[in-house]
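Two complexes are shown next, each including chain A; its partner changes from chain B in the first to chain C in the second.
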Partner chain A sequence: MRDVAVLGVGLNSKWGELWEMSLRDIFVEAALNALDDAGVDRVDSIVVGCMTSGLFVGQEHLGSLMSDYLGMNPVAATRVESACASGGAAFRQGFLEVASGAADIVLVGGVEKMTDVGGDEATYALSAASDMEYEAYHGITFPGLYALVARAHMHRFGTTREQLAHVAVKNHRHGARNPVAQYPYEITVEDVLASVMVADPLRVLDCSPITDGAAAAVLCPVETARKLSKKPVVKVLASAQASSTIALHSRKDLTWFESTAEAAQKAYRMAGKRPEDIDVAEVHDCFTIAEIVVLEALGLVERGKGGQAAASGMTALGGKIPVNTSGGLKSKGHPVGATGVAQVVEITRQLRGESGPRQVEGARVGLTQNMGGTGGSSVVHIFETV
Partner chain B sequence: MAGIIGYGAYIPRYRIKVEEIAKIWGADAPNYKRGLGLEEKSVPGPDQDTITMSVEAAKKALRRAGIDPREIGAVYVGSESHPYAVKPSGTVLAEAIGATPDVHSASFEFACKAGTEAMFVCLCQVESGRIKYGLAVGADTSQGAPGDALEYSTAAGAAAFIFGRDHVVAQVDETYSFMTDTPDFWRREYQHYPRHAGRFTGEPAYFKHIRGAAQGIMKKAGLQPKDFHYVVFHQPNGKFPLNVGRQLGFTREQIETGRLVPKLGNTYSGSSPMGLTAVLDVARPGDRILLVSYGSGAGSDAFIFTVTGRIDEVRDKAEHTRALLDGHKVYIDYGTYAKYRGKILKAE
Partner chain C sequence: MANPARYWREIPQRYRLEAGKCRTCGTVFFPPRLVCAQCRSRSFETVRLSDEGTLVTYTVIRVGPSQFADQTPYAVGIVELDGGVRITAQIVDCDFEKLAVGLRLRVEFRRIQKQGEAGILCYGYKCVPA
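And then the complex of A and B:
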């Protein structure tokens, strides 16, 4: 396989409730930003990550749509879906195309336009990431499923309600330094504990929001990147993906994401790295409890100690292993199909030293973890400046 | 110059608290109260509707205007809860106050700004000289689907204004309207409850149009926020009028006198007009008032008024709006509320 580099990255200019923009508008803006950053105007292939544009705006066939509106016809363009891990899975497809030699320059994008529907319709669309017949039809929604994970973790490891809140507080503190973020302001533990109850013990400030947003990255062989780019070359050291039961109730252990642990093990092997080598990570904090369990499954935090990580400052900027410097899904926003690609955007900028007020000093090795549903699928990538 | 010569408001005595509604639906009452800036709302009795409330408010306006109702040349009622789909509200109202038969009448509907539409057309009729006096009413027994966020705010009330060119208590200095096609809230024919587009009803709807109308009329008149003693915005909840006021550069003191919503709820077509009646109850001669309504769909009407010396003669000729709001109240439980609002019906 060829060594693969991230040549360029971009987001659309602001995430949030983009009433004046459509699905194609936000995708095209992010893609053009990534192409500008890469300094290329032609690609061999386009891969688009999107969870459920069909349910959110009634549009499928995103490959054709995005190639068309980017003026890239007749290149191959394909949509990839793996629920909330669609962006990570799309990035992995782009990686495989370049690594295999099937394409030299690949544009990977992720997009979701979520605010064109009301709350009930958005909840229904998102529930399609769970097991429809055995979970959603019986009335449980994602906050409910993650509340079960939170309860189990609290019961088994003594994780506290306040520790959950610290994850949101920390990610908002990071997001306050990210002008693209949907909610770029700080919150307190008291704010979280006083916010509206969604699914006990999770309150609204434990939950990532409904967001319109897009992200894009341009991939090419490392040798090409060395020739084309004056910026530090960010190499994709590892790309790994794993699956687990789609239904939470089929798991042996509610406090563990097997797919994340499995993808992480594969990724560390492929990269020749260990958890302690990671300088900065972007992980899937769709709910505060998710970040806690994910950090344990990635081996970045000792099993059962995830709750203490945010509260102790270990995962904050300036801590031992800064996590979600972008603000994470919680503060930056969670346009589901875009999230996995946006994680790559943040890590690439961190490794290039372009993250300004939220720069992790001396960051050389970064990790992204993107997860579908309650961990039915997970995608882990590891990057290094070379 | 033309303006308001008499005004009056009406609020039913029944109230239901946010806690009582939240209890039924398992909702978090303290969060709703904080989030919406609401404590309770008015509820119409079983024999009250937009027409009966319009009559009550119009009678107060007539007392303050001190005119012969037979001199009223137009009766306009703005509402989105006219009791009949076909049959005007204004005919009953005009008959009840003794304004028939030498009178023109029309029903207005534009979500929550139907009241200010009626006021605008009435003013134009008076200014043109086609009629001597005109009566404009904004009234609603607004509808909120059971369990919907709207159910905490949809209330009942009416405000009536008589326009003329003599006996003026608040002259109209300027008007301006701001409108786009923005579908944030709607109710189709034969549907009982309106539907709304959630958070889309905020920034691209309420805030954009109120800002547009307020900035437009101030530019037209060459005035700044500090030039007004009072400002009244449409008040669908407690927070929106304060937020839009802050965005425009108004102080809380300028807004507070006409902000009835925390204890009244959203009376839709009656909302900002009722706020204006509360301001007129306390305004001094020479005070300048800005009124900005909002109706989903979407648009805002703005008016600038200057209060005249006649206000001191008329304000106490009818009950003040704050007295109606804080006076004799009867708190009801959700079951009674459901019955009064026709959400449950007795078996035949």
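And then the complex of A and C:
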């Protein structure tokens, strides 16, 4: 396999309720930003990550749509779906195309346009990431499913309600330094504990929001990046993916994401790195409890200690292992199909030293973890400046 | 959207808790599958799950989908039925304060949701304190 680099990255200028922008415009704006950052205007292939544009706006066939509106026909363009891990899975497909030699320059983008429907339809669309016949049928929602995980984690490890809140507080503190973030302001533990209950014990400030947004990255061989780019070259050290049961109730251990642990083990092996080598990480905090369990499954935090990690400042900027410097899904927003690619955008900028007020000093090795449903799928990537 | 065929084909599971037991390794799957995830065998017999079990984890849904509007707020949990198979089900006829990990429950046949503008009724299992 060829060594692969991230040549360029891009987001929209702002994430949130983008009323004036359509699905295609959101995607194309982020893609053009990534192409400009990469300094290229031609690609061999386009991969689009998107969870459910069919349910959100009634549009499928995003490969053709985006290739057309980028003015790039007739390049090959395909959509990749893995629920909330669609972006990570799309990035992995782009990586594999370049690594295999099937393409030299690939544009990977992720997008979700979520605010063209009301809250009820959005809840329905997102529930399609669960088992529709044996979970959603019985009235469980996504906040509800993660509430089941939270209750199990609290019961087994003594994780507290306040520790959950600290995850949201920390990610909002980071997001306040990110102008793209949907909610770029700080909140307090008291704010979280006083917010509306959605699914006990999770409150609305434990939940990532409904967001319109896109993210994009341009991939090429490391050798090409060295010739084309004046910026530090960010190499993709590892790309790994794993699956677990679609239904949460089918898992023996409800306090663990097997797909994340499995993908992480594969990624560390491929990269020749250990958890303690990671300088900065972007992980899937769709709900506060998710970040806690994910950090344990990644081996970045000791089992059962995920709650303490947020409360102690270990995972904050300036801490031992800063997590979600972008603000995470919680503060930056969670346009589901875009999230996995946006994590790559943040880590690339961190490793290039371009993150301004939220820069992790001296960051050389970064990790992204993107998760579908309640962990039915997970994608982990590891990056290093070379 | 209660497509009749989609609803009808799940009736053996939702009304009668019919599961598939692997004839080779004995693992029970609910709903039934075509291939065993443990031993890859493709031979199964139909068995009925126990209608008693224990609450493993739970939540109270305060913001629910429209099909459940007339029931919100409602409790949902993961229940380990005697024999080991776990299901997701509503916990009803139980004060929210009495919900607790380890609570003994019994499965009952109930109305689950009301779909669409016509209000088509869909049935299945819910759990009540034993």
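Note that the second predicted complex is superposed on the first by the 386 of 386 C-alpha atoms of A that agree within 3 Å, B and C clash if a C-alpha of one lies under 4 Å from a C-alpha of the other, contacts with A are read in each partner's own complex, and residues count from 1 in each chain.
Heads up, the rule we're going with is that a contact is a pair of C-beta atoms (placed from the backbone, for glycine too) under 8 Å apart; a residue touches a chain by one contact, two chains touch by 3 or more.
As the structure is a prediction and not an experimental result, all values here were calculated from the model.
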Chain B versus chain C as contact partner of A:152, first or second or both or neither: second
Greater chain A contact set [chain C / chain B]: C
First (chain B), second (chain C), both or neither touched by A:300: neither
Which superposed partner A:197 touches (first chain B, second chain C, both, neither): both
Touched partner set for A:135, first chain B, second chain C, both or neither: second
Which of chain B and chain C A:250 touches, first, second, both or neither: second
Chain B versus chain C as contact partner of A:17, first or second or both or neither: first
Set of chain A residues, in rising order, touched by both chain B and chain C: 196-197
Residues on chain B engaged by chain A in the complex (per definition of touch): 28, 31, 35, 197-200, 203-204
Residues on chain A engaged by chain B in the complex (per definition of touch): 17, 19-20, 115, 118-119, 195-197
For the chain A and chain C complex, residues of the former touching the latter: 120, 123-124, 127, 133-141, 143-144, 147-149, 151-152, 155, 196-202, 247-250, 254
Residues of chain C that touch chain A when the two form their complex: 10, 13-14, 30-31, 56-68, 71, 74, 76-78, 86-90, 96, 101, 112-113, 122, 124, 126
